[in-house]
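So, here come the structures, one by one.
One chain, chain A, links the two complexes that follow: it is found with chain B in the first and with chain C in the second.
Right, the complex of A and B next:
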């Protein structure tokens, strides 16, 4: 999977889970800027990402998914290590 | 400077004042205290008593003991807190009294004097005698501010100033009016650019290539600062070896030693070389650039860096204690993760995580750290010493 496709998918997942139009999301989007991004939605996000990319996040990785930028970075590292 | 009056007083010292008691004095005393006992104010009544003439209030006469204590011995700053009195004979209106005190005991630890107090009337007859206890208050010391006006500012030597945090500090201090010695080891061109940047802002600066872990090179750098700018106001120990991420099991002593040499030995040599000049001037400022890695769970695989930064903080506090009385302030500035070459090898993920874990949601930039250093070099920080100022966006709170 190319990096661009992966990023697009992450933005789409974010948009769906957080109920925010994709054009309103940026790399800097985070719980600070996305109103619905609370601990419950965070778990939904983790599940959606795991299903989409067929990966499993460790406990420490889950708490590191603090912005779209970080999600892209961590998913990239996990896909690269597969 | 105001002398300490208490120090000058010795046992046996004496003082006296004279006063003629008038009818107006008595009237004023009656008005003040409400004591209109006819024995004091009504001649007809007094005639009917054994005194035959009005008697001046005893406390009016005794009040002149307050006058002599407050104005003569001990004088200004006296707190008269205890007095015994024996009224021996009456004083009449028109009588000239002599109020006399003599020091009979002095307690330096409590700053207390015990005084014989005697009031005599006409014919040298003793009318009042007693003993006073007086505390002599310590003159309040004025806030001592070692103000460095522009024309008195000596140079500040900033180590590792050819790039990153050191360069930003050099430029900021240059803008604040300090002549700056831009110390560097390898990057001649960078250092010259920093010097030029300071001069472009009407500041004074010169570059100085010197290995801070070499005592002789450091001494020569201080000599150069003195000859070029006439005086040294302070130093900023900023130079650091590059951070390498190495597991402790793979870490060589040489790598560890390199950090000790640049940061601890460097701060040691430069502080030792410059302190005699600062002590001579009775003022000086030392700022050591530490790191928040010393405060919290330290980053893994950075053992040498973590250790020397913690050591630098204790080094600063130790000097602050030893040199505070000589007018020298020593502080640390501890940056959080800062966007410089030093973190070029840190994975992007770690930088992003730090950013998101930082309450202010960004990494530091060198100018953030430079601002804190410039504050410590300003008169506004005149009473700050032995502190570690964290410039980390709140990622560490202590």
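Right, the complex of A and C next:
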């Protein structure tokens, strides 16, 4: 999977799970800027990302995924190491 | 089969679907774990059933406070389903995690404490609402505390969890409209790796993984679907590459795959599962493109047909399109098109039916994977009913008789002689302990011929029976084709010389035989006997009962302009003019009134 496709997918998943239009999301989007992004919706986000990319985050990674930029970074690392 | 939708896709469907016109269902969740990620799955399965679900969760580990102390948000007047997640790990750290450090006395003390807790919570919920309660069982520990010895002794953790589950099952069974949801079945189907998520257990006390959550929500909806009368009633089947492997018209009776060994055994076992459903009250119909003669030859002459002609209520075996044939099957059986599940190996036919009849649940059987047919059918969960009654076990016979009656009707010259030819015998009885379960079930399930669509449980019916200001009567029909069992219910309430028809319903499979003519007159006679001077009939419109909108007008009732303003229509019957007489086309009317 190319980096661009992966990024698009992450934005799309974020948009669906948090119910915000893709245009309103940026790399800096985080629980502070996205209204629905609380600890509960974070669980759904993690489950959706794992399902889409067929990866498994460790417990310490889960609690670090706190902006779109960090998500892209960690997902890239996981995909690269597969 | 359709690919399972991912969480992101489900969320997208939920975000984008216009739910404003859908009926609503309110679900409240009490829990001692974090369970919020199940909400999208619950809402998705509700949407699949045609409902917009509102799900509210109580506070984390506040079950006792909410149930016993009261909570108006969770137990609001719209709540129709209360889901309880009471995980042993939170409820009793001792029994779940420190088991070996406890002596027998301490263990028994913990068991008693947990049982008292369950009892208080259940009673607390019931005090606040009559809604359906779905209580999730305790999961069997997969690595019990005493290792292999645990299975050998009654003092082990496995047995203790079993004792708690038995207690729970019993107390729920003794509570009306409360059900035991067996999480061990969900765990077994998914497998432990897909069921639990230990990361989120530690991060946020959320024990279940994606697949586990989906499976639990699916299990919950096996209960909610019949609660809303949305369980499927009829399974319509293709023949070639569905009931047997190969094509009968080309391969012939000896050439098709069907038998006790491979490659015929997957079809044999699929048929066994179909017959099991038949004995649970599911109506079996054939919908295939074949020469009809060929198909019945297989039914009559193939030694390994488990499914027999007697199981088939009606058949459309011809070269018409399958959507038209499914419509005909619904007409033949007098059931809604939305209560049919259609199974076929042809993607073309499945897509055609999905396109033309979206109300029908069309399930694709991939014919190179016949080994999975049985599982696809048994795990679909669409036919589940909250109870299986004696009537259910015989329903197939009754529906078959119904389609024979239809044939006779086309031959009879006029209706009266047709009715007479049926040799109908009616039995009208006051509700008793034997009939109460069936009567309650009828109020839950009957949609079309139902004037008020009030849903009652057994306790409600019993109360109507005991009270001196109300009566419950049931109607049983027997004709030359067989015993249809209890097919009608009427509840009368009396208020100052007036009888109000609280409930009047008939099972749709007996409509069009003049039975209602006799039943309404019996109800009027009962009101007269109780000293009433008039009878009030009401009509509450639903999406399915338009056919009875003007029912009362046909029987000499006058429409009231100033009746009960909650009802869509109100009617009055003046008993001074007498109750009338039943039509004379019945062979016998045997009444307790």
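Simple rule for what comes next: the second predicted complex is superposed on the first by the 82 of 82 C-alpha atoms of A that agree within 3 Å, B and C clash if a C-alpha of one lies under 4 Å from a C-alpha of the other, contacts with A are read in each partner's own complex, and residues count from 1 in each chain.
The rule is simple: contacts are C-beta pairs under 8 Å (C-beta built on N, C-alpha and C of every residue); 3 or more make two chains touch, one makes a residue touch a chain.
Note that the coordinates shown come from a computational prediction; the quantities given were computed from them, not determined experimentally.
Steric overlap between chain B and chain C is absent once the structures are superposed on chain A; the two fit side by side.
When the two complexes are overlaid on their common chain A, residue A:32 makes contact with chain B while staying clear of chain C.
Taking the C-alpha centre of chain A as the vertex, the lines to the centres of chain B and chain C open to an angle of 130 degrees, rounded to the nearest 10.
When the shared chain is aligned, chain C comes close enough to touch A:52, but chain B does not. By the touch criterion stated above, A:70 is placed in contact with chain B alone, chain C being left untouched. Residue contacts after overlaying the shared chain place A:13 against chain C, while chain B stays out of touching range. Of the two partners chain B and chain C, it is C that touches the larger number of chain A residues.
When the shared chain is aligned, chain C comes close enough to touch A:40, but chain B does not. Think of it this way: put the two complexes on top of each other by chain A, and the tightest Cα contact between chain B and chain C is 17 Å. Counting contacts as defined above, no chain A residue meets chain B in one complex and chain C in the other. Across the complex, chain A is touched by residues 348-349, 352-353, 356-357, 361 of chain B. Listed in rising order, the residues of chain A touching chain B in the complex are 30, 32, 64, 66-67, 69-70, 73-74, 77.
Chain contact summary for the complex, chain C toward chain A: residues 6-9, 11-12, 15, 34, 36-37, 40, 199-200, 202-204, 206, 209-210. Remark: chain A residues 12-13, 16-17, 19, 39-40, 43-44, 46-48, 50-52, 57-59, 62-63 touch chain C in the complex.
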